[in-house]
């Protein structure tokens, strides 16, 4: 199915949670409300005409100007072959969104990485802790306004 | 004093990180007195010592002679048997260390050639023959680490408990007709007993180095060796029952009628018993598919992870001595030890040739086969090897029961079978040499263009 | 066993953390397969709860090789970021460069000349063979057979020489840049490459006899770490790990890029010859068969190598229009994805890298329970993890 | 004369091992002292000319039982090692009982006149084998049955209590 | 020449040591070690007598039987101690007093 069909199909079933959608261009996606994320995700995976079973990547993009963090979920279907993406916008000060690890277990580690590097809080995540940085590392490195720390546990770096 | 100075570096999980500064050694008690004495008298003492070096040397010599004379009061040191024993033990020690040294060098050359590379070429002119000496020297000057809360006395004792029995096994192995240290009539059992003690050294080493990984190595070692002693013993019993004596010299002397009188070809059960014995001996000296105790890829280095310096060399020597001892027993019992294929030309050289061939096969197997898992090792022993060797023992004794003059028909059949097995043995040997010749003839295609271009010696 | 309260006439030695031990059934040993371990293929720390040889649980700890390449990407221009992509999966640097270059070209709408396309396919497939040689060789080493590793390295050396002749480097090439290939291959390179292919093809059969169909190897890897296809897809496994579980999913066929649609090759899939479908042996054997397919691809690409320019007209400092793209490439270890967000500047606003080993490793805690200690080495070797792209 | 020297050496080793076990507190040390005692007694058998019994002692005892013992020590000594230091009263009692028993035995040994006829020559394994199957055939068969029973009993007793599922090969894991 | 008495005195000493170990140690494995001491003292006696002409060869065959039986006994004892260890976290004999009223 082409991206526009997917978007039409999506709006037909989940009109209230789909905010906007872009069909053409290099990155066809649909913007979804944070509350409706879990429902849309389950819909994408279980719907026989979509069957997006392989979650490829969850990327968190920090927009300090618009004071929000964008989460992009890229999915592809190994049986039907078409790809799609859904995006969620969360407030930058207190980023909190429902975890999709129940739908795609692959999301577990991606969400832990987003939590670790970007500071996005995922609710009902089986084991949300830092994955790449040390356990007690202050701050979230990938944020645009991240200040590199000077000294950590007695080890000093010059910025 | 900024506040961060006193944070002790911790690992992420909060345990105190082990900061390894240079340990400041403080002397106590006796060692303190020695150090003080040395510093005080050193500048005066050492030149004095050098001045009277020759005097001290001769004084020591006189002391030794006096001591021997006093001991002689108990036993006369010039007694023939005493001198003979000392000479033979020293000779054995020399032979065994040469075997180990050549073994280490040989293993590296063999593994090189199997992996289409050259192996050591530089140390000591022709094909790096002095490589193992260089290794020994390197290991001697390595720092001798003992883990902090290891069981120190046991840690230090373990290599010796592994090395000494490996050497004692050679006391009962006959190299030629008269060439044996003590021809006791339980020679074979003595060798098996010595190999059994070696297990304790390895377990002690694994337990004393107080690390989980070496404990795993020690446990695996214990299970594997103790359980593989049974099939090893049983296949030997099948052979011994055929000749009726446990003394290795007896066994060797009974096989001196050319290659068709070798025990290997006497009956099909003994032919199979040789191979089961060989497999069990691979397991008993931790070689090739059974090298679990020091399974590098999962146990880092198994029981001798924490050993460094000369202690590690002890374990290494014990392994190579064990390899040769086990092959020596196989040659004496199954391949007619010092007897040559053609009746008459018996000499210790044949013994050495056959044993080195079996050691070469061990190396060859090591560099081709992957490692077996511990539960497969146990299953193989209990489910396959043990019943099979029991069957061989029963079959061989039944065969012996009927293979005598009053069963005319069966005896003829047995002679035919003996001849057939001899031909089979010859065929196997021929196959091996044909394969080797083919490999040598086509070595350029097999090895590949890279090696020919870069490594002229391949 | 009912709780037995232990009364002591002589107080026992307290455990080191000071509390009186309760009624302990079986001792669980916590084993630290630390960052420094021969079979973890890099700095990965796996904490194992074991009961004797049986492993009850495994939790991997990553981050020892974390260089935060994504943060650097935001401060560096597009061309300057190519060398960083070599260091992601340092065994398949060509494929990483190809992925990044394709992502940037898709967002910037840059056209690549045909000769550069075929050169890219040839180099990507040669690097796939080199990486699979490394994977199969080191897997033999994990199982205790030392010789296959040295044979695979002997072949890999020849590929390294070919790369060195083309781009001067042996491991981190940055040869495939935005808009094409850095420079043309020296003449006569094609024949050398064909000579290697002719030499290499019969060798694969030799390795199969030496290792793949070796009875001990089959016992050690067959029926170990079975990962059914649904579990593989659920945990985001891609590449040989997914194909080993019987799912014929390969981006070069599913979403063809860079002229793969013109070349015909088939996708090897695990059939469970020696044990269940999706066990360690299948994952390993899929890699061996993929090498055969790569040789086929390179031969066709070499024949189709038209001459012409190898570099499209791309300004020195690449400036991409504002926008977003997610582009995935089939790496030897799985699908390497680049999520590129640009705000019209000379350097990417945000670059998220989806490392295939990162997702492949996430299945270890699921498959590890009830394995033996030696099976953990087999499992890790068959997933074939490279820590460069797990920690990025 | 040499025989006396060797005898006192080995006897001293065996007794030293016993005393060391009495004094030591670490169970692993005790296990290894037991092994030295076993080897010393094995040496004594060689000295007494009973080569076969000496070799069997080393093969069965040191190679088998002692390794088993060390395994037992390794498996059980991890958690809390029970106090091995005997209390004050125990030592006094121990010394008293020990010396009384020792005196009684040595006096009885010294006073009886042992009927010591000539040294029997060092006999070969053959005779032992023949007597094993001739005169001692009854006990020989009984011991084989007893060994079988002991093996089965021990295997039954030491079976793993926690029913661990078979290794994971048996079944694939279901999707969480 | 070496008479019989030194061997008998040595086996007496070993016997007493064995009994002392069994009494004084509270660890199950230590008791097993004590029992091994006692068994070895007995076998030493057997072999010493058979060597010095009393009873001919039967002494040595009896010694073989004792060694074999000691092996079987050690196996069963260890199996029991492992079981003991599994129910109660220690091998300390004093803790085995569940049957007490």
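In order of appearance the chains are A, B, C, D and E, and numbering begins at 1 in each one.
Here, a residue touches a chain if its C-beta (ideal position, glycine included) is under 8 Å from a C-beta of that chain, and two chains touch if they have at least 3 such contacts.
Everything quoted here is computed from the prediction, not taken from an experiment.
Compared with chain C, the chain whose C-alpha mean position is the greatest distance off is E. Here the chain at the heart of the shown protein, by mean C-alpha position, is B. Among the other chains, A has the CA centre that is most remote from the centre of chain B.
If you tally contacting C-beta pairs for each pair of chains, D-E comes out on top. Chain A and chain D have Cα centroids separated by 68 Å. Separating the centre of chain B from that of chain C, both taken as means of CA atoms, is a distance of 41 Å.
For this pair, chain B with chain D, the centres built from the Cα atoms lie 27 Å apart. The mean-CA centres of chain A and chain B are about 60 angstrom from one another, to the nearest whole unit. Touching of two or more other chains is recorded for residues 105, 134 of chain A.
Shared contact sites, meaning residues of chain E that touch two or more other chains, fall at 86, 89-90, 94-95. In chain B, the positions touching at least two other chains are 375. The touching residues of chain D, counted against chain E in their complex, run 3-4, 7, 11, 14-15, 18-19, 21-22, 27, 30-31, 34, 37-38, 41, 44-45, 48-50, 52-53, 56-57, 60-61, 64-65, 68-69, 71-73, 75-77, 79-84, 86, 90-91, 94, 97-98, 101-102, 105-106, 109-110, 114-120, 123, 127-128, 131-132, 135-136, 139, 143, 146-147, 150-151, 153-155, 157-158, 161. Chain contact summary for the complex, chain C toward chain B: residues 29, 31-32, 37-39, 53, 140-147, 150-151, 154-155, 157-158, 195, 199, 203, 210-211, 214, 216-217, 219-220, 372-377. Taken together, the chain B residues at the contact with chain D in this complex read 74-75, 151, 153-154, 157, 184-186, 189-190, 192-193, 196-197, 199-200, 203-204, 207, 215, 218-219, 222, 226, 229, 246, 375. On the side of chain D, the complex with chain B involves touching residues 1-2, 5, 26, 28-29, 32, 35, 39, 51-52, 55-56, 58-59, 62-64, 66-68, 70-71, 74, 124-125, 167.
By the touch rule above, chain A contacts chain C in their complex via residues 25-27, 53-57, 59-62, 72, 74, 78, 81, 83, 85, 104-106, 108-109, 117, 130-134, 141-142.
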